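Right, I'll just put the structure down here and ask away after.
Which chain is which? They are A, B, C and D, in the order written, and residues in each are numbered from 1.
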Amino acid sequence: MTFYSANRIPYGMVGGGRNALIGSVHRLAANLDGNFELVAGALSSEPERAKASAADLGLSPDRAYATYEDMAKAESARPDGIRAVVICTPNHVHAGPAKAFLEAGIHVICDKPLTATLEDAEELNEAVKASGKVFVLTHNYTGYPMVREARSRVRSGELGEIRVVHVEYPQDWLAKPLENTDHKQADWRTDPARSGPGGCVADIGTHAFHLARFVSGLRVARLAAELSSFVPGRVLDDNVQVMLKFENGASGMLWASQVAPGHENGLRLRIYGERSGLEWTQADPNYLWVSELGQPRKLITRGGHGSGSESARYIRVPAGHPEGYLEAFATIYTEAAAAVRASDSGEPAPRELLQPGIDDGLEGMRFIYACLESSKRNSAWVGLER
Amino acid sequence: MTFYSANRIPYGMVGGGRNALIGSVHRLAANLDGNFELVAGALSSEPERAKASAADLGLSPDRAYATYEDMAKAESARPDGIRAVVICTPNHVHAGPAKAFLEAGIHVICDKPLTATLEDAEELNEAVKASGKVFVLTHNYTGYPMVREARSRVRSGELGEIRVVHVEYPQDWLAKPLENTDHKQADWRTDPARSGPGGCVADIGTHAFHLARFVSGLRVARLAAELSSFVPGRVLDDNVQVMLKFENGASGMLWASQVAPGHENGLRLRIYGERSGLEWTQADPNYLWVSELGQPRKLITRGGHGSGSESARYIRVPAGHPEGYLEAFATIYTEAAAAVRASDSGEPAPRELLQPGIDDGLEGMRFIYACLESSKRNSAWVGLER
Amino acid sequence: MTFYSANRIPYGMVGGGRNALIGSVHRLAANLDGNFELVAGALSSEPERAKASAADLGLSPDRAYATYEDMAKAESARPDGIRAVVICTPNHVHAGPAKAFLEAGIHVICDKPLTATLEDAEELNEAVKASGKVFVLTHNYTGYPMVREARSRVRSGELGEIRVVHVEYPQDWLAKPLENTDHKQADWRTDPARSGPGGCVADIGTHAFHLARFVSGLRVARLAAELSSFVPGRVLDDNVQVMLKFENGASGMLWASQVAPGHENGLRLRIYGERSGLEWTQADPNYLWVSELGQPRKLITRGGHGSGSESARYIRVPAGHPEGYLEAFATIYTEAAAAVRASDSGEPAPRELLQPGIDDGLEGMRFIYACLESSKRNSAWVGLER
Amino acid sequence: MTFYSANRIPYGMVGGGRNALIGSVHRLAANLDGNFELVAGALSSEPERAKASAADLGLSPDRAYATYEDMAKAESARPDGIRAVVICTPNHVHAGPAKAFLEAGIHVICDKPLTATLEDAEELNEAVKASGKVFVLTHNYTGYPMVREARSRVRSGELGEIRVVHVEYPQDWLAKPLENTDHKQADWRTDPARSGPGGCVADIGTHAFHLARFVSGLRVARLAAELSSFVPGRVLDDNVQVMLKFENGASGMLWASQVAPGHENGLRLRIYGERSGLEWTQADPNYLWVSELGQPRKLITRGGHGSGSESARYIRVPAGHPEGYLEAFATIYTEAAAAVRASDSGEPAPRELLQPGIDDGLEGMRFIYACLESSKRNSAWVGLER
């Protein structure tokens, strides 16, 4: 991959105004490799805040829009208009903007989960397919080099048939009823009107699910879930435990929690095959434990000895110099840029691109709904529709 | 606790002859604190091997018995006869000897799981209750000082109401069909005739279950399990995943596996309460992670700063000098010795003793059977009878 | 700190052409927060390579210079000329360009160590002081948030008087005579003509030295060193061990090595005071161990509970999402940008800026020379001139 | 090795009475494998305390001696007298008892350092040589299986020529003037009259020194040391830093400290050769990191895959079940038992025994004195006499 480009793709942003945590992360990630330049925004649903946020970011006042509809319309009409838009609003404001920009011929990079509801997701899926435009879903954890190293090892057959998959994503930030204080993040993420019917399962459960899918390459055939809301008064789930059965017969467990004291973003994946096992932890992302049966465990470092050629292409700095979350996120953006450039040139997307897209988003929504259904049905096994 | 005694309790052993792995461990554990002295044995069902094993251990030839029945009879008749017996045979040879010795007025220390079948367990339970003798089940992991530190912290209320419990015990030694080679351990542990209907779930699942129970103090109300036999040709389960629901409403997950490459004895417990979380790992037993909400994580060391007075009584060497598996196992023996001495003096057992007993054994068997039933019933929730 | 700016400072680069590892790192770091834009370069001493490298990076052909002298002259004459230059050439080509650009009124950001020789360093020091321009030395490790957290804790007095300081920087990449192969990095770094009289001590010993100084705030009064060249045929040192005596009476040890198998960039700092100790490791930079006497050890995470307000300003993404080497490096650049902007506005530099400068560079050169002298004098203590 | 024996060697103990920490450790270690039985003692220099301590331990009253001289005389005259004595008194009471028992024909197991002064050490050395009796010095850390694994790997040549050795032993228990409180351990260990002229360097510096010697097999040719007494009013050193030069040309550093907050018993050894490196840490003794150049790092576990046949003989429980400090200590005792049995049978000691002896003790004393001399001579290099 080329990590520094002189040819920045102009892009706009929906959401991500002042004090919006994830908006800043998207901008840093988009900027890191020099592939994107922010030139327009509908940064807030509150007009004054939208304008002020745009000024903070040095946007030209005429490209600081009050609504995403305005932005889609105006930008598609400009000769120097944005070629891509980043959507980092609450879940219920994903589908609307995404469809608007796709229809305006603008590529879309969208935060996860795909939408608030499965209905929205299915409609958006059709819109994406119809548009022919690039659609990227920022399951950013898949951008970590050692995640890709793990994926590459699984695909090489080195593990043999996979038997067991464990993935977990515990956090503790919602262990108290933070939504009752003036905490914007907690507020919308615990509100079904804005998040959709899934709480923890949608917010971070989908990350865990997608990571397991991405690395193992296996599809989940069915699942049995139990969702809980431990904090009194909370409507959405804040702890979810799931048993998984994969199509190849492997068993698995998924745990996501927002009420597990001591965990910040404790995403962790373990995969066990006939011949070898792998373990990766997001908080220490430059390491991959490889456990071949009958051998001592090996600690592979990002770009270090034993780190393969497939992961090498996602590495910016030498082994022993850690890369982090932003770099992983930036890799998704850099792959998005490659996809956008290919699309705009009328060429097929490079085969090596791995950024998540609409299919992953739709599958994530089906995962959420299957968990909800199973939990309602007393944790009965529920199939995961293809 | 007194870790060195000049007053050794004479004991005998059933099983544990030449090349029997766990017999040697029991002897070292029994010996460590000086509370027990081995003086008799029915060390093998093969008479020649029994005799040779007894000679190895320096037993008097007249106390090297061909059968446990002989031993129970002869020792109970001797004025200097054994006061306790250790049973470390395969599961299906627990109940018989245990009942024989109890009936002969001899205290019993028995390896886990309690028996091969629930029927045997229930009968043994009655025999223990009827005998008035001490019965200790060697769920040895509960003897680790930091496990007791964890238990003490839960009981103090420091965690608040418990919400989530995770326990796992992965191993990899049966990832290949070892039972098809000349491997004695693998042979009987994968054979329903000797192990009973549970494989992995009985052998190590019960350890995990008991550890969660011991530390959390919570009872499991119901569970939903999926047992698998991944190795071709294996009859008993070698991977078990369970969702737990505790009586107080807490959710939990239990995973035990014998086919997870990279794991030797990866027993690990994590408990999350309203206010704090705990994490303990058997392979690094001298540490306890304590995660109070809103505070940095603390690493408590065995006997170090922050390690409490309740765990202090189980500590033999100063902080920073690790204790291991044998010391934990020895603590169970030292508690057994205290119980035996109290019983033989007609006094009540000291209140601070925590060694597992018949109730834990019976509960463990019910856990096995509930897992088997749930798994057969497509992972339906199954109640855990009290 | 503001991590995203719409106002990019135009800069040029000396060195850093095709295949130059560190040049790419500087560009990514300069770009990450959006404060700098590369517009000119004298990217290689080989004209063809310089031109091709400039094209790779999208530089305008008229700003792709054959020599740094040309660049300094031409850029200072342009109304849109560069305001800063980044020098990332081998050590012996630091002083010349730095002086040329300072004289041309252009701010300088220079890789470490300051120069190849102490004489050059002293001249450059005078040139910087005379110019009134910003001079930044990229001791990038000081940009890690948890390094700043550590520094802040020391300054707060929380440790009490410091007694012991340990710093080490082991690597293994030169454990074999790589300079005899076609390895550009190894070639110049082991060549006294380009590196100066110090090998390992200059390349990474100065990083370790500066980190200890930066965090502890203590000055080294004297040192006793032993330099070795373990690889046969190597002229410069590849292992250096040093005993330090600080002005406050603290003792210390510094170890740097390029021949220590298993270490990639094993920079680690430990500081022990009367009341508390700190430990930080570059490979796991988001953690800081804090060991208060009489308390359990605490693991502070970047931005997590217990992480202070002073380090908070250097943090881009939430706790539990790791930041890495590029982010730390970028912080030095972002501080450089703030210093450049202040200077160009005729304002004093913001007081909170901590980026290393000419004084650190000069002190580093004195450290190198003191180590060389001590080693030649049989490890006698040598004072470190102020 | 045989870890359980029915043939216990009767032994006595000098020191180790009530509340004497290390006495209890010696008894547990001696007892663990069943090779020794405590039958006599001169457990305290205070007669009442000696008597009470003997009663605690169940000694026959006639074998509870008031002085070690009485014990040596009486026991050597008994047909069932002790065959070995354990000396665990303060340093200045090592040489006297040791000589008395050797002269009485009784084997000696002695705590470290060998004596309080070099003069005593040299006299004792002659006494041991003259006696022909077994003399064991309890540098117990060398009993850890993974220390022996490390030693075996060095000897196999797998590392190639050794270049760098780092060993450290930090503690924090004397960071405050504990000797001014009523703390018995702190009292004598900081008192030159009882400890000898070395404080930290003697108490734990010798452990670090011996460990480096034991594993590397290299002799130290010379050293340069700086000893400090950081705690006001303390006479003996509480922090010692040493540069080492080995006879083969390897460089090394040794650090021992009693004032390093956060460290309990932080003994750690790292050895770097031409082809591979090793790292071992006492607090996590069941692991050995092996870093072969050009390979990912491997984590060898005690008895696990990659753990060699030479270390296997020191292992009591299966891989994944940790062993600790007592087991390592017990291994020294079990080797002592083998040496005692061989000596008493008139046979040569088994060649595979590795327990430290009088030569190690004498070398340790020379190390202490060389450090003292170097420190007085402004850290000049001082040769280490053979």
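The rule we apply is simple: a contact is a pair of C-beta atoms (placed from the backbone, for glycine too) under 8 Å apart; a residue touches a chain by one contact, two chains touch by 3 or more.
Note that the structure is a prediction, hence the values are computed from the model and not measured.
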item	value
Interface with more contacting C-beta pairs, comparing A-C to A-D	A-C
Most distant chain from subunit C, judged by the mean position of its C-alpha atoms	B
Rounded Å distance between subunit A and subunit D, as computed from the means of their C-alpha atoms	55
CA centroid of subunit A to CA centroid of subunit B, Å	43
For subunit A paired with subunit C, centre-to-centre distance based on mean C-alpha positions, whole Å	35
Residues of subunit B engaged with two or more neighbouring chains	263, 297, 301, 304
Complex contact set, residues of subunit A against subunit C	3-7, 21, 24-25, 27-28, 31-34, 57-59, 171, 263-266, 282-286, 301, 304, 316-327
Residue ranges of subunit D touching subunit A (in the complex, touch as defined)	290, 294-301, 304-307
In the complex, subunit D residues that touch subunit C	163-164, 166, 170, 172, 175-176, 224, 226, 228, 230, 239, 241, 243, 245, 251-253, 255, 257, 259-263, 270, 272-277, 279, 289, 291-293, 297, 378-381
